[in-house]
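Presented sequentially are two complexes of chain A, the first with chain B as partner and the second with chain C.
What follows is the complex of A and B.
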């Protein structure tokens, strides 16, 4: 738990006399997208905080080449129906889109409304659900919650067709309250039973939502203290009107972008912003990512990198042309296969990302990406050395530590790294070895 | 240093060639293995004139290769060689080529083997120039090498602890063992100087009976021939060259017989012949098929009996595979052919099969009705069963099974088809797909049983499974199991056409693989987007991915046909790879 930031955690951050530094730019980019290259950091530093936030939060036009590549990968996923191709399509977007924050928020919704192709077994439906998440990535959470209740993939995932008038299936109703909007402790079992009645007849047919009126329970229900002849939309509105709902979303945003264990006051501040903005998330995120809280020292290097942050972040920083299928396989090994969340709860993350097995795999990843072209060729280290004037081992250590690490490099560690880098026989080998060491550091697991 | 020497010999081998004749005449008898080159110059010339090297460098792979540090080093070495010799590397290879080159390996594998390289150079002017340019290097290496002139016009370079190189007026001999090399260069020196005495005592590899037994089965005027004295390897490696049992059933069934024949043969040979528009690569192993055990003998056509059935005459055939095997005999002898850890898999297979063919024993009830021939062919797909197309467009496939007992066999395979269809229908229902309905119609008087959809699946990205609507028919003793009714009808036409030679067997072919490059290109390019996406997934840009696919397509369209087959002869076995291009 971090100390409460005084005088309103969402107050805009004052960068002081030192101003907006490359470290600040790197911090913002590592949180708002999957990693940052030296070019990204330099560009953000030159542009300043406001312009950078504007670029991240306001839709940017995509490059025509990106659009064509993405369309090709999407069509391949549709043609083959393969989860690997779905993953490749999304990884390509995460790595190359001009709207990286949109992709990060799309993943946030994928993790919140966790739906697995393992059960859905339909690439087109999974893509349609992903499009829905992307359309509302920085948009209207309330609208998204209504839309997801009618989403065909979700209806398959949570057995919508089994929800019948005489035998209500509670799966969706339970998850709407527990996992999608309120969280445990903010509803009763009776509320779930009653809400399930409201969603009866919300079925899927021929790949589309189908209101099966014969199977809908039209009787009166009492949900979270309100009584009426409610349907599913009414239940969702009731949930959205609960004070727990904006707090629930606030926790998700804070854990993803700011701190792993936010305090109650901070949560309430973000929840108030969500309420004020009527669940439209773009202004909420803009406020959060520009806040004193976001740039406070306590939030730096505070989040354990998810496999996506680790793998894509490393590729974005160091790989010139990432290979998508090995990347998807690596993410799967590390426990984060896109479109295949392990349970309805999605990926819980945090400390659970690091186990004796996954830490070893993370170390292997560090070795492989710095020594083999398995995940794509490394950036031209000689060119980097020349461009950034990395003439001495100390300069190389400083440069790559700033690029890769969220925290300041410990002085003793730096001395050791400089010593090791000094023994290399050429600048290329020096930097390659240095990257391997930096990527294998425990500090590199944080962002 | 020794390794460097051997590498140098290999480089020389590749960059030199000779006049017509058998280069093994230059090597002494008793080689464990040898490689001979003949007139490589013409091949190099054609590669150069076809612009293949430049074309490769312009591909994304070529561009990537040019960026690799190792390749940059290789280019630097090439530049040094060109600088020192005064001509481009290919020109050097071409001008020096034109005669004979042979590399032999002698001694025992367990100990360090010895090597002898012998070459006759056709272009003496270039050879003289090369020798002159070599002289400064030899002078520089003074202390490590010693020079002498043991015969008129012969320079002998002895390299400490490595071997010797003898340079004649139009020949070169290098060897890691001085005495053995001496016998070769003395013979060539005597030839050069008109002395005939030593020639009579020199026994050439070309006169070895084992060598001759494989050499006479080589193609006409091969560019490259290779020889391996397998009997010489048996000592160091034990009594058998390979284990007596395999641990992979599929490998045993596919090439277990070939491998066993090669292992039993005293020698194995290979030859590559390249002509204007085609090539053939042959690997031969002399031996007697009759000496094989029953399980492996079953993998070759019986003496005087037919081999594989020719591919059906479908005009648009993409390619196919045809086997001739007595599977029943192989299956019943599996315990003698396979390691014990591979055997439980058969029990699992039979248990699984019982779900599709309930109450049937695989060996007794299934294999007994099958004949020897199984052919798989691929042809363009017909999507008339759909209101749209699948996302992944596969060609049509057909399995043509020869039946020893046609009626019983057809009944059994129909049962298999219908049970499989029922199982797949359950899965289709679970996944919300259209189920199949089994129905039938008559074509050319032959009843065709086929699966069909009550409502045609609609859309442009239909699942892969929509490529398949199984169809089956019995024509004579052939059971046709096809992925679509259209292909089944084409096969019926091919097999019922008057004057069809479809049932005429080829002489003693145990297997036959064939593919048409342009038709394969047509089939692959139906999924061009998928191929291009594969490139993007591999880190290419869209443009690079498109170029790669274009290179693949162009290459396939140039390859008219590629064919691989294994044949049994009275003298032994042969594996032949043939190809032709436009």
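What follows is the complex of A and C.
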């Protein structure tokens, strides 16, 4: 037997004779973390694709200073109970953790199991839920789904205590199928009613999960074709065994990391990988982020940046010490307040991020970054200019376009940028003006 | 091409009717013609203002079937007593908090369309709202909305400018979404400003000009993400300038109540008076999801609706613009006939829509749905919401309804001939 070589979309990408380029490194970093600095790109380029992926996927030790700062921000959030302080704690991790992909996956779970502190109103429970997401960030989705059904913040969010034997409340049962594991079209209203019975008595007491057996319906139920005296865990196992489940997670991974509208074949390939790896996501992501599909031309500059990608990515590239609270406020204005998803559907993302109101805010963010230290001080442009020998306007345009834009610079666009840069009265103003315009471009909204 | 994107509005004196001429490059116009897209352009300067009542308005406590005892039996606590309702005819009445609407009704400016809904009603807010926005109950295709598709039939809208505008929302309502026409949404007029870039005034002007030019560049892949972003950026920059201009001259001709909806409609009046050529405005009033302790909340919301619309029409009348404007209201569903155990009502199905303005064919259209012949405890619809949309598109704005809504939706008779 000749061993079959995988030729599908998940086959490892061959970088060819040109090799792994700085643009390839930047592509991987912009997707697997919140943006990339010139230093990040340079380091990843030197390290090569395998070592870079290894660093992203395998747990890295955190700096002691990072741990101290994070602990302090966490304690502040617990002491004040304020959502802004919760956000500051998490933004600090997203910006400074040595495990940026873990933070990105933690956000993926927050968006999938979207729970809002607007209703939970308890910073400690929101933190505990966030810890759960982080613990399984690249870990076991199946385990996470079982855990989230017992998570106190979730029990408050989806009215667990209202789910009683004689009066089943369908809220959690509906979302576990519609939004957490299967997606619309893969279950019936009857399945939801029956599943709700299985979760009766899954209550919360004193901030902890409590199985209230008096309120649990012990009768026989039929869910998605199976019949038995099921409880909540049985329903979750039934969901996990549906073919729709790995596909559902595959779509989420593809939309977050690879391409906004994946085709059915690609979805199935990733779903098969998820099934093969028994819902452990580390090997799935590693395969995906090294794949032919991931590095193909169609996936470059294909995703509209979320506010997190935009704001944190800009800061990572251009701001030396980002200020957390103004950043949290800016993300709120742009429609992505952490711990406060708009609904249980989370942030739908893609084109819905962009409207004329949010476009204006994004353009104004570009102005603020380039003119004020509101979100933290801008990197030293003069030092950049001499370090990278940005002697002519064209060199400056090329340098900053490579740093900031995911796509190759279009010739017509370049002409206009060079013309603008040439009209500046000093090199400092030239680069400041150039950054402002690059950040306000439609092209900059893509990654 | 951006430089040619101008819409010239010429006022013809009488009754504020405007005729609209379009300037666009000849090559491009013939391309539009060849694609068969030229429908019936809105030549009368008419404006549609959609008011979304988000959360599922309790239609039974809005237009009240006061002559039917079943209503009083189903709602021992929440029913409005017979002696307090504002009667429209021998069968139905308006809620007492809709006094301003009743005055407009007496002035022949209100069409009440009863029993509106769609087949197999969905009781999820998300799904039902999507259905009303897309006008596609049978599909989960959320790529565009009914008003967005209508605008695609209009060369003026395709040429740019501000053909429609959503006010007060962070996201563009799905109803206005289109793959080809970009509609601006203005969350707050005060915040709808472009900050000047770095440098002195001339550097700022150069940056803005460069941005205007580069967002108007044609993307390689039509319909792709970059194309979408450029079109949005373009309409954003255009609308910022236009809104900045029209905001100045206007003087209100009415005293508006101090409510959120009134503030939004006042801005709409200002923009209509400023004559930007905008045909469709979209505003939302939320809070109608009254599962518990419904009465005080619902009364406030109805008063807000009624007071804001009345002030808006009065203002427009003082500017001799009211004849050009029609307001249409909808909610994603009505509520159950029976009140629930927590002094509220749960998600239901069929309900009514209001069309308001001098251009309506006034009166109560269609019978109130039976309170005893129900589906799963909910009112049955006899009029599809797309029949009302068809009337608004075809008989009011002058767009062909069939390409937008599909076949078989006979327009409801709610617009004057």
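The definition used in the following text is that the second predicted complex is superposed on the first by the 440 of 447 C-alpha atoms of A that agree within 3 Å, B and C clash if a C-alpha of one lies under 4 Å from a C-alpha of the other, contacts with A are read in each partner's own complex, and residues count from 1 in each chain.
Operating definition for what follows: a residue touches a chain if its C-beta (ideal position, glycine included) is under 8 Å from a C-beta of that chain, and two chains touch if they have at least 3 such contacts.
Keep in mind that what you see is a predicted model, and the values were worked out from it rather than measured.
Superimposing the complexes on chain A yields a three-chain arrangement in which chain B and chain C fit side by side.
Among chain B and chain C, the chain that touches a larger number of residues in chain A is C.
Touch criterion met: A:376 reaches chain B, while chain C stays clear of it. With both structures placed on the common chain, the touch criterion links A:324 to chain B but leaves chain C unconnected.
In the superposition on chain A, no contact is made by A:161 with either chain B or chain C. Look at A:68: by the touch rule set out above, it reaches chain B but stays clear of chain C. When both complexes are overlaid on chain A, the residue A:169 reaches neither chain B nor chain C.
Using C-alpha centres, the superposed arrangement gives chain A a vertex angle toward chain B and chain C of 80 degrees, stated as a multiple of 10. In the superposed model, A:124 makes contact with chain B only, not with chain C. Of the two partner chains placed by superposition, only chain C is touched by A:413; chain B is not.
Of all C-alpha pairs linking chain B and chain C after the chain A fit, the shortest spans 12 Å. Chain A meets chain C in the complex at residues 184-185, 260, 301-304, 335, 343, 345, 351-352, 354-360, 363-364, 366-368, 370-371, 407, 410, 412-413, 416-417, 419-420, 423-425, 429, 432-433, 436-437, 440-443, 445-446. On the side of chain B, the complex with chain A involves touching residues 390-392, 431-432, 461, 463-464, 527, 529-530, 532-533, 536-543. Looking at the complex, you find that chain A touches chain B at residues 65, 68-69, 72-73, 75-76, 78-81, 85, 88, 92, 121-122, 124, 207, 321-325, 376-377. Those residues of chain C whose C-beta lies close enough to touch chain A in the complex are 126, 140, 170-172, 182-187, 191-199, 203, 206-207, 210-211, 213-215, 217, 225-226, 228-230, 232-233, 235-236, 239-240.
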